[in-house]
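Below are the structure tokens for one structure; questions will follow.
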Amino acid sequence: MSDAGFDQAASRPHGHAIPRFAGMATFAKLPHTQSIEGVDAAIFGVPFDGGTTFRPGARFGPQAIRQSSRLLRSYHYGLDVQPFDDLSVVDYGDLAVVPFDIKDTYALVEEQVSVLYDYGVFPIAMGGDHSVGLPLLRACAKKHGPVSVVQLDSHPDTWDKLFGKEYSHATVFKRAVEEELIDPHRSIQIGIRSTLPYRDDLERTRDLGITVITVEELFQRGIDDVAAEALRLVGDKVYLSFDIDFVDPAYAPGTGTPEVGGPSSRQALDMLRALKSLPLVGFDLVEVSPPYDHAEITCMLAANLIMEVAGILAWQKMHGRQGGAVETTE
Amino acid sequence: MSDAGFDQAASRPHGHAIPRFAGMATFAKLPHTQSIEGVDAAIFGVPFDGGTTFRPGARFGPQAIRQSSRLLRSYHYGLDVQPFDDLSVVDYGDLAVVPFDIKDTYALVEEQVSVLYDYGVFPIAMGGDHSVGLPLLRACAKKHGPVSVVQLDSHPDTWDKLFGKEYSHATVFKRAVEEELIDPHRSIQIGIRSTLPYRDDLERTRDLGITVITVEELFQRGIDDVAAEALRLVGDKVYLSFDIDFVDPAYAPGTGTPEVGGPSSRQALDMLRALKSLPLVGFDLVEVSPPYDHAEITCMLAANLIMEVAGILAWQKMHGRQGGAVETTE
Amino acid sequence: MSDAGFDQAASRPHGHAIPRFAGMATFAKLPHTQSIEGVDAAIFGVPFDGGTTFRPGARFGPQAIRQSSRLLRSYHYGLDVQPFDDLSVVDYGDLAVVPFDIKDTYALVEEQVSVLYDYGVFPIAMGGDHSVGLPLLRACAKKHGPVSVVQLDSHPDTWDKLFGKEYSHATVFKRAVEEELIDPHRSIQIGIRSTLPYRDDLERTRDLGITVITVEELFQRGIDDVAAEALRLVGDKVYLSFDIDFVDPAYAPGTGTPEVGGPSSRQALDMLRALKSLPLVGFDLVEVSPPYDHAEITCMLAANLIMEVAGILAWQKMHGRQGGAVETTE
Amino acid sequence: MSDAGFDQAASRPHGHAIPRFAGMATFAKLPHTQSIEGVDAAIFGVPFDGGTTFRPGARFGPQAIRQSSRLLRSYHYGLDVQPFDDLSVVDYGDLAVVPFDIKDTYALVEEQVSVLYDYGVFPIAMGGDHSVGLPLLRACAKKHGPVSVVQLDSHPDTWDKLFGKEYSHATVFKRAVEEELIDPHRSIQIGIRSTLPYRDDLERTRDLGITVITVEELFQRGIDDVAAEALRLVGDKVYLSFDIDFVDPAYAPGTGTPEVGGPSSRQALDMLRALKSLPLVGFDLVEVSPPYDHAEITCMLAANLIMEVAGILAWQKMHGRQGGAVETTE
Amino acid sequence: MSDAGFDQAASRPHGHAIPRFAGMATFAKLPHTQSIEGVDAAIFGVPFDGGTTFRPGARFGPQAIRQSSRLLRSYHYGLDVQPFDDLSVVDYGDLAVVPFDIKDTYALVEEQVSVLYDYGVFPIAMGGDHSVGLPLLRACAKKHGPVSVVQLDSHPDTWDKLFGKEYSHATVFKRAVEEELIDPHRSIQIGIRSTLPYRDDLERTRDLGITVITVEELFQRGIDDVAAEALRLVGDKVYLSFDIDFVDPAYAPGTGTPEVGGPSSRQALDMLRALKSLPLVGFDLVEVSPPYDHAEITCMLAANLIMEVAGILAWQKMHGRQGGAVETTE
Amino acid sequence: MSDAGFDQAASRPHGHAIPRFAGMATFAKLPHTQSIEGVDAAIFGVPFDGGTTFRPGARFGPQAIRQSSRLLRSYHYGLDVQPFDDLSVVDYGDLAVVPFDIKDTYALVEEQVSVLYDYGVFPIAMGGDHSVGLPLLRACAKKHGPVSVVQLDSHPDTWDKLFGKEYSHATVFKRAVEEELIDPHRSIQIGIRSTLPYRDDLERTRDLGITVITVEELFQRGIDDVAAEALRLVGDKVYLSFDIDFVDPAYAPGTGTPEVGGPSSRQALDMLRALKSLPLVGFDLVEVSPPYDHAEITCMLAANLIMEVAGILAWQKMHGRQGGAVETTE
């Protein structure tokens, strides 16, 4: 029988095998390439944390998630798929950014991601802080027009300005609505729970048209019920944005603005699986800040969340979006 | 629209704004003052860990909780209050203590907290190890007579002596009963789960008259049911004591005597909210030991737990104690 | 009344008492001895991590668990036993191993554990990585013939070869079936959840005859239901193997191959308690890797899990295996 | 005799004393105030790290240095001064900055520091990354015209542009020369040792007119000889800029761009003492990044380096600048 | 030829060998016993940190030093001795202490150490904070009368009172002089460098009669010259007290009150070797605080410093005290 | 003028630039390739730690050194070279190894490195533990016959057997002599300082013919003198082996068997520079164990040491081996 100790992709000349824990740390040991002809999905980093209001460090997120993703193996039994075999997926590397200038970074990211959309490649972005969501959505909307957003997050990120500035990780969805990148009435935030600077903060988010599900509501109704609402609400093109601080800091200490009282890693995975029939057009996993991680637990969770979304893409390809019931653990 | 990036309280001459992550680290960036005329509640530290039987370090708890509390913003949507606007609250600084002498510290703490009670100020104490609970209760009882205690904790803290000594963090509630500071028959411990040195330990606690809810019972009955029992049991004056080791060490590693198998941070917050109509006369949050914390997750939880209690005080002021149902996530 | 501050066992000449946090770090401060005449159970370390595929360090597991076990006190109220008084239990120290050679280590471990079985001593092994399970099972089978295994784990550990090698922590149960050490049809794996290198990995495990309960199934059915299935399935001699990565890395970061999305520490303890009538003939707790632990939370959990099993042994002695219902918190 | 356990400054109403490790964490427990009438020197933070090219986190530098400075006591025996008694020194708090915008931050910092210069207050700035040196020098030059700079650093920080941007922590002294804030011919860099992106990097720095002393030259000639050269070279107004990465990362791991092979903490202190007759008009201590520190050793070093400079100011006040020989340990 | 992989002392029944990194963690894997008949020296812990003014944790020092001491092997080539073969040395375990009461602890420690002196056993104490030096000196003086002290330390520890208390780690040598345990005129402090609370602190120490060598003087004169002065100064009975904060925090971060600008680990070892003809009657190594250590570097240094002193005892036994020149690396 | 913020090598399609801290982590951002035609030197990892006697983790060394090497820039002013421009150097990736089997690993490593020698490529190996030195030397000797070894190390690594096994990180140079891979009479060990298991350990090493310079001798004679002896001693083909534990653990905590009392990072760099005219035929840098590192200081030192050797190769190419004096800082 076969030998599970190494990857064919990681073999060297003369057939030698390199342990999974060694070799170049691409995501899940996928090939690292900028050749995207015929590629289904590209995983890439956006190493920018210049929009952070509290603890920086998310610039190191992409590389650290790659390191931890080496533990991923190819078969996802929960969805019965091998995402990196069933689909053509590459590690596209990190995007060019300008660490000191958010506007320049926005222009660079939008341009680079637009290339992916032009080639019909599904973008899987690893932040960076949440401010990189705006150019990702700009590129998405340039291709698809205003889309629905499903945002798993502890913060609404819909403030108007911060320090008099319009761009930061806390203002990204306010800008996205204003720029008509997203359709707020078909968008939903799930897991919100932070204290808020103003009494009307949640109201103002709802006034934008976005549906807000606090973490209390999420726990009361359950994952399946909230996921069902999201599936009913959204339009036919959905951008999924997963801020790692959706999860409780016990499971994801490595982030910039942690909020206690959140879901577990099990619940986060279940939430994604419950959303598996979402008509996705883009995905980001943001706010992983490795300097605050411990024993790679945050990065390993991030890697598995990306694996889950890659699995969903593969499952949709094989079964269509309504292919069958997938049960959560709830 | 407004700018959420800074605090008015933190502004400098000439109207400049200081980011929340900078400036003096008072609790939630409240004013630091010893002027307590007309103040509703005072948050203060008791930087003493001389009663610790295992890992010391709680002396650094108050300052570390303050650091992490800078993430707190003013509005608590769960209770629909802005505790630090709806009430007059100050950061009263740290109390004087004698690191090497528990009796001297007891005298100092009692004297200083009595001043707060004299001025009608609600005390919110940040430990320090749980041994500081005794002088806090002495000051409380001097004002209010024997009170009910609701103790969220993994340990009963009702041993008689330790190393032949009557004062330590493990004997505080035995002493409190003996000194008639608390009414044991209207007091309750919730979350108890540690292994115990003697076969009759729980029995002896119950023999004191105190109701003991183990963590197993808490999980079986649910938070709302246990909270309802506590609300029925207590008298009209309740001292709430929250030992951070009530929570599982995954959520609160930064403590001296962690006990595995405890509630999550979500459940801890829900428990407080379920107790929101308690007629409180004092509160402490103890046993946060920063040298064992990681990425501030314990301190952030502690800050949010204090915010929850401050929110309850504000909610009670606005609605009376029986104002309305608040749902938990359970 | 008595003084809970120290252990009699830890007293010195002239009756002085040593704090629990000091003195030699034996498991739960038990006597350290190789005299096993009349001993009911021996706790020992197997300090070997030469079968690790990802993060090594489990060689330091036994000593670190001992350190953390100093927090354990003698009475287990959940089972109403004092395992180390109700039974005769010793800390047998660490076994001899050869760090560079897995086969030599296997021979040494089997020989040493066989001595325990010869004396009728129940072995409680602290790993070490999971590869040490094989010689433990060899010694067990030499005494008892093929036994049932209840394996709490996130990985099946049933691969055939790794790097062309038959022995490692990922192949141990495939070997155990081949060597007829265990009866696969009366064995069960609970908590499996990792991604897998091959599409048929779970199938191949099931083809061996072993029942596989994924973590999704565990969460859906609940601990009591799965435990009941295990109790029905097993034969009259059961070897219990607890890989700490059964638990979510938030609760057990200190391990070599963590898998997110697992049970909590509370659920792990409940699972053991629900299995309390298993007819045990051996137990191991493996894969604790202290270099990746934080604030000892993994080691404290491991110590409590061992305490739980010791408690079960005491409970069985007092009540017989079907003595009475023990409720879990689920 | 007296009692050394607490500070008079930290006393509370009724004469109680607070341990040095507790209470508000101002620098060396100095009063925190924006009142600067008659003040000799003000210590303040510039919590900005938006000019960082590698590891961010220096925004937390000021608060962390303050925490560690609590260990400082009042008497500096090496210079026989009590800087905070011999001079009037305050903790001026942190300056307002805009985390996402370096130009706005520059304007704010210059404005705020100019107020200090207007009042004749000597500025002691705690960074932040080295990019904050530019507005500090702008404020200085506005008062004093072009000044000499003595820069203790492992990097020249004289690049032209980075990512096409003129402002960052690596371009600050190029800009300062261009803006005629400093007199390069009377300025010196000591400790330079990093690898360099271009073959002519050191040459270009020297072409600006600045004297460059590599760490190799520093070790060969010795501290006293290099200090003597600096003292001969500079004009009558000197701005001292101390980048913590001057020191070897063994002594200062908590920094963003560490360079191995540097001086020890002893040598750093000796270097400052050897420069004690410099005619100082401003001082900054930059690039302390607490997320990368361990056990506060970097922050404690930073606090002591600031204490050394405060001591020098006091010594100069008492003795004049040429007051007497101070011996170094070299 | 022989096999260096294990210790004979650590062998198990049947001749199996246990790796040095495993097994019970006694000091250097010495036998753990309270039998001291005929023993030359006993290594023991004093797990007390109740006299600490800043960071506690030294109560865990003895156990952590033991763990790290497992790396020690038997032959010390620098002195050409095998201390644990040339002498009879045991690990005497930890002394009984009362964590909450310094006076009770003093009585206990004095009593227990007096037993060693009664048996003619040389005491090698592992702290614990420096406050344990007083009962160690009391026991020493009871046997030997007033002795000389050679104190390697960054702090003088000669304050009068702290928080109004006479006993703490900062007052121990003031008390020792008052109690006539030491002969101050034949005692010396080396390495002093902290800032001081009062202008006359060094003067007051010198007024006690103790010779004070600051770290600046130590670096200027060199290790051999200062050691020679110490050797000339002391009487015929010397107690050696080594506070780990003598060493720079880069080498010893794991301590409670670190002071930057100190000697390296090499210099510390050289200092001890240069003192090798001291007529020793007692030794302590104090203030190792494991919660602040990293990668065991402080504990490994502590273990080697103890090994150096044990080596000196062996060397003196073999050669007499003036046996021969040992060169330092200076 | 130019822009130093990024690497040309790291540019993406359309000319965008990626910050040095991002993108694939090859050594110094060199191209990752197995094409070695015309290549001068190849940097590669040997991710094996199965020969470790104490703390494992060196399997992660290569990837961690690569991460930290991103800080390296191209110009080395000390030698006035740009090694990666003056020479053709590639990152050859990691070699295939078998984590559980040292003999299989030896065969694999020898075979793979022999390919490099066949192509005339200079091998720069990143360990892994020191056991990988043996197959590296086997490949070297196959090409060059017996070579001189210059070993910078705190341990002699010349034991005969360990746990009865001939292969481990502590026996490698004994084997190398026996296999006639090295000429012991023209080989030298520098920096030796550990305690030793047997009285005759150093003697036995010297009996092999190897010159041993202890750290005490190194400090007494100075770097230049010892380097000069090494240069005189060696033959015309030298293999340089740098064990990171040559350096003091303050500078290199991230290693498996640290020994206190060693050289600083400055002295390590100086030592290499003093050896710059060695006729090198191979180089390894071993024993970096990232789980024990802090803030990457060990890995950054390792990266700079490799840069120094690469610089020496470039310097030799440009100047010949006797090109000119390079001064050290000593």
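Letters A, B, C, D, E and F name the chains as they come in the text, with residue numbers starting at 1 for each one.
In this text, contacts are C-beta pairs under 8 Å (C-beta built on N, C-alpha and C of every residue); 3 or more make two chains touch, one makes a residue touch a chain.
Everything quoted here is computed from the prediction, not taken from an experiment.
Considering every other chain in turn, the ones in contact with both chain A and chain E prove to be B, C, D, F.
Of all chains, the one whose Cα centroid sits at the greatest distance from that of chain A is E. The chain pair D-E and the chain pair C-F differ in C-beta contact count, and the higher one is D-E. Relative to chain D, the chain whose mean Cα position lies farthest away is C. Chain B and chain E have centres, each the mean of its CA atoms, that are 41 Å apart.
Here the spacing of chain A and chain C, counted between their Cα centres, is 37 Å. Contact of a single residue of chain D with at least two other chains is seen at positions 6, 17, 19, 21, 53, 55, 59-60, 99, 162-165, 248, 250, 264, 292, 294.
Contacting chain pairs (ordered by label): A-B, A-C, A-D, A-F, B-C, B-D, B-E, C-E, C-F, D-E, D-F, E-F. Residue ranges on chain A touching chain B, taken from their complex, read 53-55, 159-165, 170, 194-199, 201-202, 204, 214-216, 218-220, 248-250, 253-254, 257-262, 264, 292-294.
Those residues of chain D lying in contact with chain E across their complex are 1-6, 17, 19-21, 71-78, 82, 248, 250-251, 264-266, 269, 294-297, 300-301, 304, 307, 327-330. Chain B meets chain E in the complex at residues 49-53, 55-57, 59-60, 98-102, 104, 162-165, 167-168, 291-292.
Chain contact summary for the complex, chain A toward chain F: residues 6, 11-14, 16-19, 21-26, 32, 34, 45, 47, 59-60, 62-63, 67, 93-97, 99, 108, 111-112, 115.
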